[in-house]
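Each of the two complexes below includes chain A, the first together with chain B, the second together with chain C.
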Partner chain A sequence: MAPTYNIAMVSDFFFPQPGGVESHIYQLSTKLRDRGHKVIIITHAYKGRTGVRYLTNGLKVYHVPFFVLYRSASFPTVFSFFPIFRNIVLRERIDIVHGHASLSSLCHEAILHARTMGLRTVYTDHSLFGFADAASIFANKILKFSLSDVDHVICVSHTCKENTVLRASLDPLMVSVIPNAVVAENFKPLDYAAEVSAGSFRGHPPPARPLGPHDMITIVVISRLFYNKGTDLLTAAIPRILENHPQTRFIIAGDGPKAIDLEQMIEQNVLQDRVEMLGPIRHEEVRDVMVRGHIYLHPSLTEAFGTVIVEAASCGLYVVCTQVGGIPEVLPSHMTVFAKPEEDDLVAATGKAIAALRGNKVRTELFHEQVKSMYSWTNVAMRTERVYNGISGAISEAEFYGYDAANVAGSWSATRGRSGVQSFALIDRLKRYYGCGIWAGKLFCLCVIVDYLIFLALELLFPRDKIDICPDWPRKERKVDGEGCRVKAGRQQGDNERRAMDSLDGHWDP
Partner chain B sequence: MLTTAPHLYIRRPSPTTAEFTVTTCPPLTVPLRLLLLTLHLARILLFSAAVLALYARFLEPSQHSHQHHHHHNNNPIISLFLAGNIPQFLTTLLQTAHRSQPGTLLAQLTAPLPDWAVALASLGVAYATVCFRLHRTESVLVLRGLGIQTCTISGKWGWGTQTRFIPTEQIRDVLINEAFRGFEVRYYLIVVVEGEEDVVVLFPGLLPRRRIVEAVWRGVRGCLFEGDGGGGEGDGKG
Partner chain C sequence: MALPSGLHQSAIPSDFETPFPPLVRSSTAPTGLRSHSANRSHLAPEDAYAPLSPPRRLGPFDGGGNGSGTDSRPRRGRRNDPGRSRSRRRKRFQKLLWVKQSYPDNYTDQATFLENLQRNPRVRPYDFWPLVADSTVIVQHVCSVIIFVVCFVGIFQERVSPVSVVGWSSFATFLGWLLWDWWVTRETQDKAKGDDARARMMPGGRAYRDYRPPLRQDSTGLDPSMLNASTVSISSASNLPSAASSTTNLLQEHHQPHRLFPPPSSSNADSLGLLAPTYIHSRSVSSFNSATSQASAVPSPPTHRLGPDGEPDLSLSTTPPSPPPARNSRAYVRVSTIKSAILIYFTLLGLSPILKSLTRSTSSDSIWAMSFWLLAINIFFFDYSGSSWVGSSFSTTGTTTKRMPVASLSTNAALMASTVLASRLPSTGQVFSLTLFSIEVFGLFPVFRQYARYRSWRYHAVLTVLLVLGAGGGVGMILGDERGWPWKKGLLGMVVGCLIATLAMGGCSWWLIGLQKYKNEIYGPWDPARPIIISRRHWDDE
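Right, the complex of A and B next:
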């Protein structure tokens, strides 16, 4: 029986705010719970969303009223989260702290404090950053500070891994790549459900839907209209594509500062009847917009993973995208046409895609099944679980990092203990931070020492035995082998825990 | 030693009534009683000293009239009290105390201090000794068919008490919730009251720990809604 963990996901980004990181955390947590782990989520308070909440599947979310602490202005932000974080960690008996997103200060703080408290930490990076401008340099320094003493890092694509390794000067061996996934059931092509569930194909692939020579081809673009999403490229390319291909039209969904440029372009070229602007749409509506089209155009200039193109392929759309960031890793070549991030190439690539569709050379109706088999959150959870096993020593160093790496242990594992996991000793931690830079290294060491002193003070002021332990939500039973797991909730053996659970559940046994 | 962490007493005068008291008072043993007695004596002493200091500084008549009074005042203090002449009795009592050895000592001690310091210190000590509560106690009385009466600590320094009655018809549910409070997350009991925006927190001053909160929760529901099978109408999640 593999060990189960109590995991705290920490990020500034979580529901009710919509977004990719948010749904990643939610899906991963849900699947980890299905595998028998206990998962809680710590995020900051949103408007009207403060305190401790349970989502409908029993996932517990702490919306920390963070900005209340900010008010005591002299208190440096780096440490203000520590007391409440320690309280949550102790009452939930957390073993592993998993932070998400590099722009989340809550996540970096949590990783620092968790290491001070002697917990294992994992960090997931969802984005790519530059190296050149001042903001990036500062962000990278913060990342370096935070990741000096992390146990393991997960990136969503190999490009993202390369980027993170360079930005934070990490050992590539301690960075794993675990891609995002999509819930394929939510992104079915049009008519898919009716046909397949009726069993009309009996396991055979659905028939091709040939396009006639004069059928309208619809190109869908769903993206926030920002500079980095390549909206300028789109604005330049649309008139040329529509000019070259008479039987085509565009549907554009999303909002942002560049929307005004698109509207100007439409008016200048009088394309009102061929370009439809839908404005901002909710995530649930994405599928309904996607199935109206044949081609998905993704002109982004930088992208760590690009979940949206997986969603588009899952909906049975042929994908035209720029070859940037992690995008080339995401989909197999028969689903995509790549373009360089420039106007001429994008127009040419779109032309190629239209020609391929007109020639009926692409079986887009098969995409859904293929995507479904490639991307699943259950698989993501399994791989994340392996990372947890690796850092907590449940699987050997050799198995986790590879046999070659273990053999040359002396050379690269200077910062690691003999057990293959990072040592918690303060002096070892300080050594790791000291290497961050001439001045930064000393500053970071100071921060770590202060953090440790705060930790000691907290142990005195709020002793551990004064903190109530939370009863666990009934854990799901876990299948020993295979991917799936029983959904039926396991019955707790401990009478205490059962009773405590009842109290949370609002049931009362006379 | 004099106080403990909040703990629970349950009193059940009848099958349909239950009183849950959370108090910081430890069980009363003989040594503890003696200790408390000395503490009360000390309080009385402190209070008298404060009043005497005030009297000596601000109300004491001049030396001359003081002598005059002394001659005049031969009848014993008790007889004044028995005669019901309370103001006269108090004045005489204070005079006697002031002239006594501890009284003179106190006057000598406070002599170098300015007027305002004496006034502030004495008034403060007097107020503190009168209002001081060593043990803090909060209770919930549950009467089936009638409702819940809560008795809670109130006031600025928790020196007063406040009672509130919630009739059964207005009680929608009793449940346990978690919330951030200061630097920690606490469990607490709440009553959801019909027609009120805010819930009523039980034991708001002491906020006992989870074990007690759960025991009271069970007890209150058992006493209040017994017979409805411990209904699942509350989801307890808040």
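Right, the complex of A and C next:
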């Protein structure tokens, strides 16, 4: 019987705000609960959503009152989160604190305080940062501070791992790559449900829908229209693609500051009947838009993982994407056409994709099953559980870290204290922080000492035997390991929440 | 299988073939790993609430730390089995997420990890002498600011007559203007000659039809039918392959792009950036420049943006004027320049009494501090590149970036500094002189310097030396005793100024080159890609 843990997911970004990190946290928590762990989520208070809430499956969310600075990232105060955090942690008897997203100051604070309190910490990085500009340098310094004393780090792609290792000067052995996943049930191709009910399901995919030479091919773009999403490339490429391929049209969903450029382009080239702009859509509508098309075009300039292209492939779309960030790792080559982030290359790649579709060379109807077997949240939860086992000592250190190859053992000595089961002794922690920089190291040490003093004061002011222990939601018994982990959802909470979370997850059974 | 020498305690049969010796966690484990849990003398989180807690129990959270070092037998058993089974099905590690890897998630592949990392890929090593040459631009500007301050101090201490300052500087400005005008005229003539020859060579008007890109994305708001009509007319008119028509052809070309696209920059107007009334008139010449430069350029999509002067363009385009000859337009410019100079002169004269009492209620200390900061802003935000000036109207590539050759923040800061400084002066005449002088120094002189640098390196060097001498001498005279003979001090100041300038230029260049070894830029696949867009219209939106 593998141990089960009490896990606190901490991030600034959570429901009701939509987004990739938010749904990642929700899906992971749900699946971890299915595996018998207790998971709570700590985030800041959103408008109209404060206090303690229960989501489907008894997932408990603490909305901590916090000053929101920018785009729902809270104001970075180093210590102010500690009292309430300690209270929650003791009340819920948390063993592992799992922070998400590098721009969330709540997450960094929680990692610092959790280490002060002697808890295990995991951090998941969802984004890529450069090293050149001042904002990145600052963000990287903060990350270095926070990750100086973390037990393990999870990244969503290998590129993201390289980036995080460089940014926070981590031992690569303490960084795991666990990708995002999609809820494949939410992203079925258009004619898929009928085929399943007809019985021709596994091994017998529906026959290909041949595409005639004069059929209209629809290219779908769903993205926030920002500069780093490559909207400029899109604006430049659309007229040329439409000029080269008469029987094509575009559907563009999403909103952002670059929408005006696209509209201008449409008007100047008189493409109103061939480019449809849907404006902002909700996440649950994404599938309905995707199944209207044949090709998904993703011109992004930077991307850590690119969940949306997995969703598109799951919907049976042929994917054309730029070869940036973690995108080349995400999908096999028969589902994608890669382009360099150049206008010419994007036009050429789209032309190639259109030709392949017209020649019926791509079996897009198989994509859904393939994607389903590649990415599932159950798998992600299993792999995350292995990380928890590794840091808490349930699986031995050698098993957790030992298979790796390195040139000389001595070359890792600088970081050897950082990976593995780390010491909680204050002096060892200070040693780790001290190496962060000439000035920053001393400053960070000061912060850690103050944090410890605050911890002492809190123990005096609010002794832990005065804090109530919260009764746990009945845990699910753990089923066998593996992909087929199907656990009936125990109880449902209020209709309100259920409908709300429906947008994030269609996987619960009523 | 031989064990790597660094390994101890955990004898791993490395039965799989890996290009690198396997890294075993316990071999890299810190020596303090075992001691920390046993050694209770260190401060640990438990001490906060249980000062006399017994030695830590071996819970699931401590077991790993303790068990790894001491007891190797069970681990060896555990290690062996997965190791061997893995060796059979082990494939090459791939940096892919969709593949079911036979490696743990935190596996770090020595061959592929950070393989795309680039360090300092775009480093351009500096050379000493070009660096020194480039630093003269900064020296020039700093020296002209020093000269301005020296003149202010001179006027303030009543050692220099304000009339002489403004007289000499105005005279110098006039000379500079004449020189500049001569340069521009000559350059225009040269270009016109070259273009004349080229226009004879090729069928006229073709270039302009080629200018129109397949996708017109510009937002000029011009009627496309009108554009077409004008293009056609020009091409039909200039299709006559006669030598006689070449001149009119040229002139029409001169107007054609003017209507099609507003000129990328109006050079003359820029130079007289303060002389707003001349703007529309000076355009004809500038557009002549731009037209000729565009005509000689390879047909490229017109990259322009509708500037604040879009309105005069439209008005011009709706009422096609009769083409004035080039000579005439130069005369226009000269007259209008003089007109606006006179206008500014009298405006300043009228404003001087107001400026004089502007900051009467403010103490002098605040004024000195404020003007210091404003001048510092001027120096730090000044546009030293000079490329905007050269690139905007005189390049043959046809690409235009900026219009104003001088950074506006810098100029505004300097003019504000001169205004507050002038308000310290007791008499209206002094205020007027200083303000006019500041306009000449901060508004017109940078334009002249940049153009001189563009024109010839020799002028630039001579100008630099003169400015350094002037600044050094001025500072020497100001610092010198009032009663003594000021020229001796001035001479000394010149020598010291030259020394300081040389040392600063050489020293800073040498220092910068020395600092290059600390350069460590990291690039990788995580950096946002730079999109390459050909039909780019909005380059500088970002």
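Following the convention adopted for this analysis, the second predicted complex is superposed on the first by the 449 of 510 C-alpha atoms of A that agree within 3 Å, B and C clash if a C-alpha of one lies under 4 Å from a C-alpha of the other, contacts with A are read in each partner's own complex, and residues count from 1 in each chain.
To be clear about the criterion, a contact is a pair of C-beta atoms (placed from the backbone, for glycine too) under 8 Å apart; a residue touches a chain by one contact, two chains touch by 3 or more.
Treat the numbers as computed from the prediction; the structure is a model and nothing was measured.
When the two complexes are overlaid on their common chain A, residue A:189 makes contact with neither chain B nor chain C. In the superposed model, A:65 lies in contact with chain B only, and not with chain C. Greater residue coverage of chain A by touch, when chain B is weighed against chain C, goes to C. Chain A residues in contact with chain B (one complex) as well as with chain C (other complex) do not exist.
Residues of chain B touching chain A in their complex: 175-180, 183-187, 209-210, 214, 217-218, 221-222, 226, 229-238. If you check the complex, the residues on chain A that touch chain B are 50-54, 62, 64-65, 83-84, 87-88, 91, 462, 467-469, 499-500, 503-510.
Only residues 4, 6-7, 10, 12, 18-30, 32-33, 36-37, 39, 42-46, 48-49, 60-65, 67-68, 75, 78-79, 82-83, 86, 95-98, 103-110, 113-114, 116-117, 215-217, 219, 521-522, 524-536, 538, 542 of chain C touch chain A when the two sit together in their complex. Residue ranges of chain A in contact with chain C, taken from their complex: 3, 95, 116-118, 120, 128-132, 152, 154, 157-160, 162-163, 165-166, 172-179, 227-228, 230, 232-233, 236, 239, 261, 264-265, 268-269, 301-302, 304-305, 322, 324-326, 329-332, 340-344, 374-375, 383, 386-387, 390, 392-410, 412-413, 416-417, 419-421, 423-428, 452, 455-456, 459, 463-464.
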